[in-house]
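Input: structures, listed below.
In the two complexes that follow, chain A is the common piece, with chain B as its partner first and chain C second.
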Partner chain A sequence: MGLRWYHFALWGAFIVGLALLPELVSKGTLRTIIFANYLAIFAISWDVLSGRTGYISFGHPFLIGIGAYTTAILTKRFGVPVEVSIPIAVLTTMAGGLIVLLPALRVKGSYFAMITLAFMELIYQLVQVVRPDLTGGTRGMSGVPTLTRGAVNGFYLSAFLMVSVALTMWLLMRTRLGTALSAVGMNEESVRGSGLSATRLKMVAFLLSAAIAGLGGAFYIHYLGTIAPRALFEINFAFTIIVAALIGGASTIIGPVIGAFFLTFLLEYLRPYLPGAERYLIYGGVALLLYMYQPRGIYEVIRQGWARVRGLA
Partner chain B sequence: MTQALSITNLVKRFGGLTATDDLSFAIEDGESVGLIGPNGAGKTTVFSQIMGEHRQTSGNIHLYGEEISSLTTAARIRRGVSRTYQVPRPFSEMSVAENIRVGLMPDNIWRMIVEGPNTERELELALSVGFAESDLQRTPAELSMGDLRKLEMARTMATGPKVMLLDEVFAGLTVGEIAQIGDLIQQMRGDGMTFLIVSHDLKALEPLVDRAIAINYGAMIAEGTFTEVIDNEAVRASYLGGVA
Partner chain C sequence: MLQILIQGLLLSGLYALLAMGFTLIFSIGRVLNLAYGSYLLIGGYVYFQFSQVMGMPKLAGVALAAIVGVVMGIAKFRLIVKPLKGDHVAVEISTLILAVVLQAAVVLVFGDSSKILLPIIPGVKWLAGTAIPYSNLFAAIASWLILIGLYLFVRTTHTGRAMQAVSMDPKGAAISGIDSDRVNMITWAISGALGAVAGVFFASYTQLYPGMWVGPLIIAVAVVIVGGIGSIIGTLIVAHIVGFMEVIVSAWIAPELRGVFTMLLIIVVLVARPRGLFGREEL
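So, the complex of A and B:
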């Protein structure tokens, strides 16, 4: 996998830094970071699918929602313990990932993106009308059991989850599987022409992405304790995930984590000055400027800076 | 001698157009055959059908005695037939080494993860097509057409074929590069590789093939030694645009 000393050093520093964070920042900031951690998980999930294979998902909340609703319904309506409900939620979301895979076998590009958007809209409508006694209908659900109490514990759980997902995916994408998935994104015909089953590779990407989305969605709902369909299946939420992955640096796993933190804090610090939706105008502008300067995202800016430092050293 | 590749009564229709018209031929193991014909004669379509990128309307394709028509492209490649394309199709954001790596991969997710890349074999393949070791980290955007063709050859060779289909390997190459690729093909012939080669550069093609097949409008118009085929009346007429 070509691991170097500085990989260990950087991951070590990152983990230690996260562990010390509750000592250094306020509870309010910690709550913001919790959101950033979950956004990072969703952005990694998007990155594994769309960043690698080029199948752009506009409807990632579809997958996140399946995980969230599955565990919420199981725990709240049927009293299933979370140790059981979360794995079931992950598996259910993976089944959902296979549904998203179906159109990807036939269509590409913007057509695929539109279909994923339709999936999100479809599930948004469905959860409101199908068995509202289970889903809570339009109003959603509250009183979903929470796993932690207080910001500090919530932070540690979300940080542990995010680091586990990020590290696992980072290592996995450094193997030949990562190369093969990138190859699918660059030229599917050439992947077939290299004797590899592009369909199977896509299936792996969709399943991995769905598993992460389901895991993140389930834990997120057990952190929030409430589920609101209008906030979950929302185009702005879908775009926030995509923009986090893109401005951080798609197809890098680390980039989406950076992007998620950057975006969350940008929006949070703008809140006192711009309380309404006009904040999104600013973040759109920042994203645009960044693309013009470095289309490969913040990760690439840091990487080049690091290369320069090593060149001088 | 065993037959490496045989095509029997192959027909391919696209709507009203018959791109392959009842074509039959066979290639012995270790043989090198030139497939010639004017533009639009249907040479590339024959390749596409052998590789399973297009399904034939009717007819059979056998690889070492096995009917492969129902197999996917990837499965056919694992059986030992591989092709290059007229327009090279590299993985644009990968290095030369990574491009070759994809060709070397087993079609097995688990093995992709647990086994590291075979960097020695990557280098060996890159060197064999005429790259220097320093070229391994270059990306396709930095390569000339000749280098892209070499990369395509290397990636195709990486899949471990027994039969190679080469589509216009000399197009856009300099004289030096043509000689280099020609030498490589000769060397691989010596090692027992079976070839079916499409080329408009008849002068470059001649020394590389044991015999030739000429097609026009998807149908065979001549078969024999290279000289016999290019001296054939019908072949000459087809190239000059006359009525065969």
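So, the complex of A and C:
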């Protein structure tokens, strides 16, 4: 898989750095980092589906929402223990991933993007109408059991999840499977021409993405303790996930993580100056400029900068 | 029955107008303008600011909204679409970011709360037990007139035919001496004006709030998918299918479910007939 010593060193430094963070920063910052961790998980999930295969999804909250609602309903309404409900949530979300796969077998490009938007809107409206006794209707649910108490524990759980997802995906994407998935994004016909099944590859990508989205969504809801359709199936949420992945660097693993941390902290540091939704003006503006300047993200900017430094040395 | 017919016609006229600008860009520029909803948002607020807050004549407010729409359309084409050189994914993503930025800008200027637009023409007409606000009637008739004008423009004028040519085959159009940049820019300007005017009508139909751009965008998406690209008549027919379906579902099944059926229609049509009901062979 072409592993080098510095790969181990960088991952090791990353994990040790995360483990030491609670000693170094305040509880408030830690809470911000928890959000960044979950956003990173969602961004990685989006990237597996869209960044690799090129099937841009504008409705990723569709998948996250399935996972979140499944575990929330099971634990809150039926008293199912979390150890059982989260795996069920992941499986349900994977079934949801197959639903998203269906149109991807027939349509491409902008048409696929539009249909994912329709999926998100569909589930947003269905959740409020169908069985509001289970889903809590428009107002959602509160009092979903939480897994951890306090910022430090919540941080360790989210960081553990994020690192496991990132590391697993990183290793997986270095195998031939990862190469094949990226090839689907570059040219589907030539993947077929090489005797690989593009359909099967797409299915793998969508299932992987859904599994991560379900896992992240389920743990996220058990961290928040509340769930509401308007907060979840929102175009702003979809926007944040996509931008995190792209700003950081699509088709990489560390890119979405960088993007998630960058965006979360940008949003957090703007809070004192612009308390409300106006923050998105600067947040989106920065994202737009960065994206127009380098569509391949911060990862690429750093890589080119590093290459230049090494070239001089 | 008559009630459904009237409400359906009124709503469909509005939907046809708001979907048309989106279809134009998708047919000719081949890109998805996810910031299309922002034209409606900004158009509605421009009208609100000039006509309702500053007390200018209502027609002047609509005209100003259209002008702002034109400026936005040209700026979007010049600053975002053209530099990205037809990279569809990049255009989709940057327009999505732009839509969120513009929403935030509206929040910054006008605040988060929703505003009620006074009717463009006050008064209500009662017909077959249904209240028809003159405003909605005006919006539907204006939509029809604008659409007929657009159809004649595309069919009969030189620029309109150039737009058709670029939509069919940009390379062939270039060989025939058509400046596709210019055609694209005109299309973006028209699309902006249509969106902004539709925004004034849409806002007077519902209400004015910073998140109002998502609903119309989804309707426009539905109309484009179901109708297929490159057909004004197709857009018109599908806008009526969607509009009537919403009215019928709200009247006979449940008002909360009206969006659900539109989404199901999108999904079924895309899976069964990806080029849409009236679209050209493509994909």
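Note that in this section the second predicted complex is superposed on the first by the 303 of 313 C-alpha atoms of A that agree within 3 Å, B and C clash if a C-alpha of one lies under 4 Å from a C-alpha of the other, contacts with A are read in each partner's own complex, and residues count from 1 in each chain.
Convention: a residue touches a chain if its C-beta (ideal position, glycine included) is under 8 Å from a C-beta of that chain, and two chains touch if they have at least 3 such contacts.
From a predicted model like this one, the values you see are computed outputs, not experimental measurements.
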Chain A residues touched by each partner, larger count belonging to chain B or chain C: C
Touched partner set for A:Tyr223, first chain B, second chain C, both or neither: neither
Contacts of A:Leu126 with chain B and chain C, given as first, second, both or neither: second
Touched partner set for A:Trp170, first chain B, second chain C, both or neither: neither
Touched partner set for A:Asn187, first chain B, second chain C, both or neither: first
First (chain B), second (chain C), both or neither touched by A:Phe35: neither
Shared contact residues on chain A - chain B and chain C: none
Residues of chain A defined as touching chain C within the complex: 54, 56, 58, 102-103, 106-111, 113-115, 117-119, 121-122, 125-126, 128-129, 235-236, 239, 242-243, 246, 274, 276-281, 283-285, 287-288, 291-292, 295
Footprint of chain A on chain B - complex, ascending: 51, 53, 72-74, 77-78, 82-83, 85, 89-94, 98, 101-103, 105, 107, 109, 112-117, 155-156, 158-159
Chain B partner contacts - residues on chain A that touch it in the complex: 1, 172, 175-177, 179-180, 182-183, 186-187, 189-198, 200-201, 204
Contact set on chain C toward chain A in their complex: 26, 31-32, 34, 80, 83-84, 87-90, 92-94, 96-101, 103-105, 107-108, 112, 210, 214, 218, 221-222, 224-225, 254, 256-257, 259-260, 263-264, 266-267, 270-271, 274, 283
